[in-house]
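Next come two complexes built around subunit A: one with subunit B, the other with subunit C.
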Partner chain A sequence: MSFEYIKFGKEEKDFIEKIEEISGQNVYSCYQCGKCSAGCAFSSYMDKTVNQLIHLIQVGQKERVLAANTHWVCASCLTCSVRCPREIDVAALMEAVREYQLREEPEKVKISNIPKEVLDKLPNIALVSNFRKKTE
Partner chain B sequence: MVRYSYFPGCNLKTNAKGFEETAIAVSKKLSAELVEIPNWNCCGTVHTLSTDNMMRRIAPVRVLSRSRKHIDTLDEETPNEVVTLCSMCNSTLKIVNDEVKHDHDKLEKVNYQLEEDDEIYKEDMEVKHFLEILRDKIGFENIAKNVVNPLKGLKISPYYGCMLLHPDKAAIDDVEMPSVLEYLVESLGAEVVDSPFFKLCCGSYQIVDEDRIVDSQVTKIVEAARKRGANALVVACPLCAYNIDHQQKILKEKVPGKLPLPVFYFTQLMALALGVPLKLNHFEDHHINPKPLLKELGLSGGKK
Partner chain C sequence: MKIGVYICECGSNIAGTVDVEEIAERAKEFPNVEVSRVYKYMCSDPGQELIKKDIEEKELDRVVVAACSPRMHEPTFRAVLEDKGLNPYVLEIVNIREQVSWVHEDMKEGTEKATSLLKGAVVRSSLMQPLERKKVGVNHKALVIGGGIAGIQAALDLADMGFKTTLVEKTSSIGGKMAQLDKTFPTLDCSQCILSPKMVDVSRHPNIELLALSEVIEVDGYVGNFKAKIKKSPRYVIEEKCTLCDDCVDVCPVITHDEYNQGFAPRKAIYISYPQAIPASYLIDPDACLGIDPLICAKCRDVCGPEAIDFDMQPEIIEEEYGSIIIATGYETYPIENIGEYGYGTIPDVISGLDFERLLSSGGPTGGKILRPSDGTIPKTVVFVHCAGSRDPSKHLPYCSKICCMYSTKHALMYKHLVHDGTAINFYIDIRTAGKDYEEFYQRAAEEDHVVYIRGKVSELFQDGDRILIKGVDTLSGETVELHADLVVLATGMIPSEGTKKMANLLNVSIGINGFIREAHPKLKPVDTAISGVFVAGTVTGPKDIPETVSNASGAASRAAGILAQDELEIEGTVAKVEESLCRGCGLCAEACPYNAIELKAVNRYGHTLQVAFVNEALCKGCGSCAAACLNGAINQLGYTDSQILALISALGEE
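Presenting the complex of A and B:
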């Protein structure tokens, strides 16, 4: 067992509150069973699994949450949300972290950097949904 | 003949023309015609999961309100239902419809915006996916009776993707064990091949900037179906179709040797079985050409 001391002050509490406000979810409902991560189709691409990210949100570790790629790898397929035994809309928490970040830096995907031939080739359903999730 | 108010969504006019044209042709054959809403707009594809972004709820509610107006111009027996073909539209419209019906504050805010265009949503619509109409209103027995060209030899693995089944309030069938595509495929005379990855997300919009994720999902989905003996996949979502179809072509170039599986929309299979002209399928838009398989099985010649 390893442990570390973390800061848990106003900044941390504000972060938790904001995530709860955007997502409409109570992050403390999560009891860390890990079912979301087990069923997630993309866990192998995430540097923190979904339940690890939720744990970091629970303890207000904003920098670590925002540094993870978990919420950007999430494709909003909602498998976690329909399976959560605590009925948390887990995907909404991922969306809340994305939104939190996008409201500061509105372009995770820079549309002007995507080559024209890629834009021409992709169906509009892919472009619209990607820009809706990755730009503000 | 029952006429339904039909919402195409953004992709049915571009990449998925074959999906729309076969659906309309099939719907006429089954006396449940899909009539397009004249002034529809994009529903926004993905629904926002945030609670505080009202702007992203306006487009889907506008679709519901315009569909309601459209229904007034159709027949008396036309139900207050908007029918979608795309599973993303299905999910987005159902979620927002449910939200505004349960939260009048939200509805009021959206209606305030719609009023500028002389529109209002009165919570009097239901959203249906065309598969629900086929199952609940037309019935698989009825579909089977209309088959003139049974799809003998096609071994189809149904791929639901996420948005036909997620979230619970948008699900058209049992969330973990759906059967609607299986029954449909069987009623057309084809064989069903079960695959464990029938709803493993294909990677969806990650195709734009993280296509490596989509590649690995597509490999899993296609390999699982192939191992179990499938020679084609059936889908209901234009994005799943694009991802699986197009990425297989890319993967084939990277890892040669394995034959890709063609991807059909469920309405294309119906069109083949019900004897609808082949050109409506727009197979030229597919990246994995299904024609050689159909030719081999003697299914491309229309009526036998």
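Presenting the complex of A and C:
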């Protein structure tokens, strides 16, 4: 296994601050109890659990956070937010990561590239949401 | 001989596994049994009344109670006997709860075993003799060994209760480790600010005699009557004359390491540990000074206005008697150079927790600025490694040192307060914050000061250019991690101090596997030792934080006062007794005695001088080791004589 290099330079600090700004949450409030992941209906579809994703944010691992599918699997059911003992709105954090990623990579979702059969099944609100996320 | 047998049901505790009615019936057939009864709770008031009534009406002269362990209710039933004019030592307790009902499941087996034990007890009880409790006088003075916060608190409490107290401190000032700390968790009170008023109280208290630079070298005697020999090393400065003017320090040509600042700062050969030190007087370090035999330099003496310096001061031996003793000799930090992979001692910017305290302190070598020992720059990333030595049974300390999670959190938080743009990272195994307001403090460090916590142990530290490369793991993400830091602080574990080991040896108190002193009972007698009259306060019994140490010390003081306040003490009747005519003076008993209660004395018998064993009843704990060791059968353990035990064994063997 390779070593992950941890550092707290400007890039890492900016990333943490941006996530906190978008979500309005203090990521350092999380003490890694894991209750969010334990109660998440979609944990088994995530390549990193919810608490692991929050921990990666805490240690400034931006690339690993954005490479994870966790925040995309999140359905914002808010179970995590309701149950968090530290009163963190975890779903808001997941949303913040999605927003951050779409702003970083505006081409990530290109409507014209979505196959018609998928587009037909997609609710309109999903497309609206996608555009909204890109506005600062 | 009339024996009364009383069987307790203890709710269903005993009656669930032992047929109590059946054994009560069987007991009626045992020799000399006058009455045999069963009651639901024999220890309750009506249960006790039952026995009292029988003693009176049936004129019983022996009582056998089959119930729980004698550790629980022997005193209760002894008091019942005494109340009705019987000698308390003609009571026999049969433990049919812990030794029968709790360890057996089968009612038949349980009942048979209880019957057998009961029979043995009945047979033994008929051979029991009334015993006498002797009395000894009590000296009302207390000795407190160790002048850290535990010793200070214990001495102040005792002195406030009106007892003359001698406080013995090995170093030149009281205050201990607490005096080296910067802030204290979780309130961030300045350590010196809350400690120094107590130190001043010690120096001013009319009931406290403070002996600094002193060590207890010998203790004899027993509870209420200890004789201690204390060696007071010379200070070479007359305390009463020294005005703390500092003129001597300016002229002293010798520079050496300052222990108080963990060696990070220099000091002269004539010095005072720190400005608030008590006794408030300079002293001369005889290993460094050039003036003590041979007199090569006397510059300090020449400038000393009040003529306080005396190069010819000699050690003194002080002998004094005390009623009780408190050991408060504290802890030392684990020698972290033993953890080779962390490079302490070879990498200059890898430091210990106590080192970091000195860097934080405004009275420290950097004036309270966080500067790296290697180049004096401000570290921008500091890594705190928890459990440096602790929780490592294979190579270092098996136990948790209890305070490190909190002090590392405090260190990280204080660092962030001083270096706002810095990064503080804690590597931990578990975060343990079991104390009042401790969890809140930890959450505050993370939430408000953005202290980063990574769960996982650091494997190795390397010097990499002018930074330190850390190889660790993040067990929460499951990744191994690498990072560079400018400073690494190791959260050093606690070990018993040299003084603690020495005093334990000197006072004959037992030591647990980790080297800390063993309490008389870890839960119910936390400040007592197996030696009556000797108590323990603070970290001598294991790692403790300041609040726990202080309450522990107050507890020890109050237990010690319980003895000091008596005019005389009663001694248990169950002591060893030597039959002089059988003793041949071989001394095996004296060797076997763990309490030093036996010595050989010369006696004159028919014109011949013979050695005979003599038992000091005040010291004897009635353990019976001597009686077992004696080849001639010359020692009997009163209350458990050979004839009683043999009768009991033979009754146990009967069908």
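Following the convention adopted for this analysis, the second predicted complex is superposed on the first by the 103 of 136 C-alpha atoms of A that agree within 3 Å, B and C clash if a C-alpha of one lies under 4 Å from a C-alpha of the other, contacts with A are read in each partner's own complex, and residues count from 1 in each chain.
One rule holds for everything that comes next: contacts are C-beta pairs under 8 Å (C-beta built on N, C-alpha and C of every residue); 3 or more make two chains touch, one makes a residue touch a chain.
Treat the numbers as computed from the prediction; the structure is a model and nothing was measured.
Note on subunit A: of its two partners subunit C and subunit B, the one contacting more of its residues is B.
Applying the stated contact rule after C-alpha superposition, one finds that A:His55 touches subunit C and leaves subunit B untouched.
Once the two complexes are laid over each other on the shared chain, residue contacts for A:Ala126 go to subunit B alone; subunit C is not touched. In the overlay built on the shared chain, the residue A:Lys134 is in contact with subunit B alone; subunit C does not reach it.
Applying the stated touch rule to the two superposed structures, the subunit B and subunit C interfaces on subunit A have no residue in common. Touching subunit C in their complex are the following residues of subunit A: 1-8, 26, 28-29, 31-32, 48, 51-52, 55-56, 58-59, 61, 64, 86. The part of subunit C that touches subunit A in the complex is made up of residues 381, 423, 425, 431, 443, 446-447, 450-455, 471, 474, 476-484.
Interface of subunit B with subunit A (complex): residues 9-11, 14-16, 42, 44-46, 48-53, 56, 86, 88, 162-163, 165-168, 175, 199-201, 203-210, 213, 217, 238-239, 242.
The part of subunit A that touches subunit B in the complex is made up of residues 21-24, 41-42, 45, 73, 75-79, 81-82, 89, 91-92, 94-96, 99, 109, 114, 118, 122-130, 132-134.
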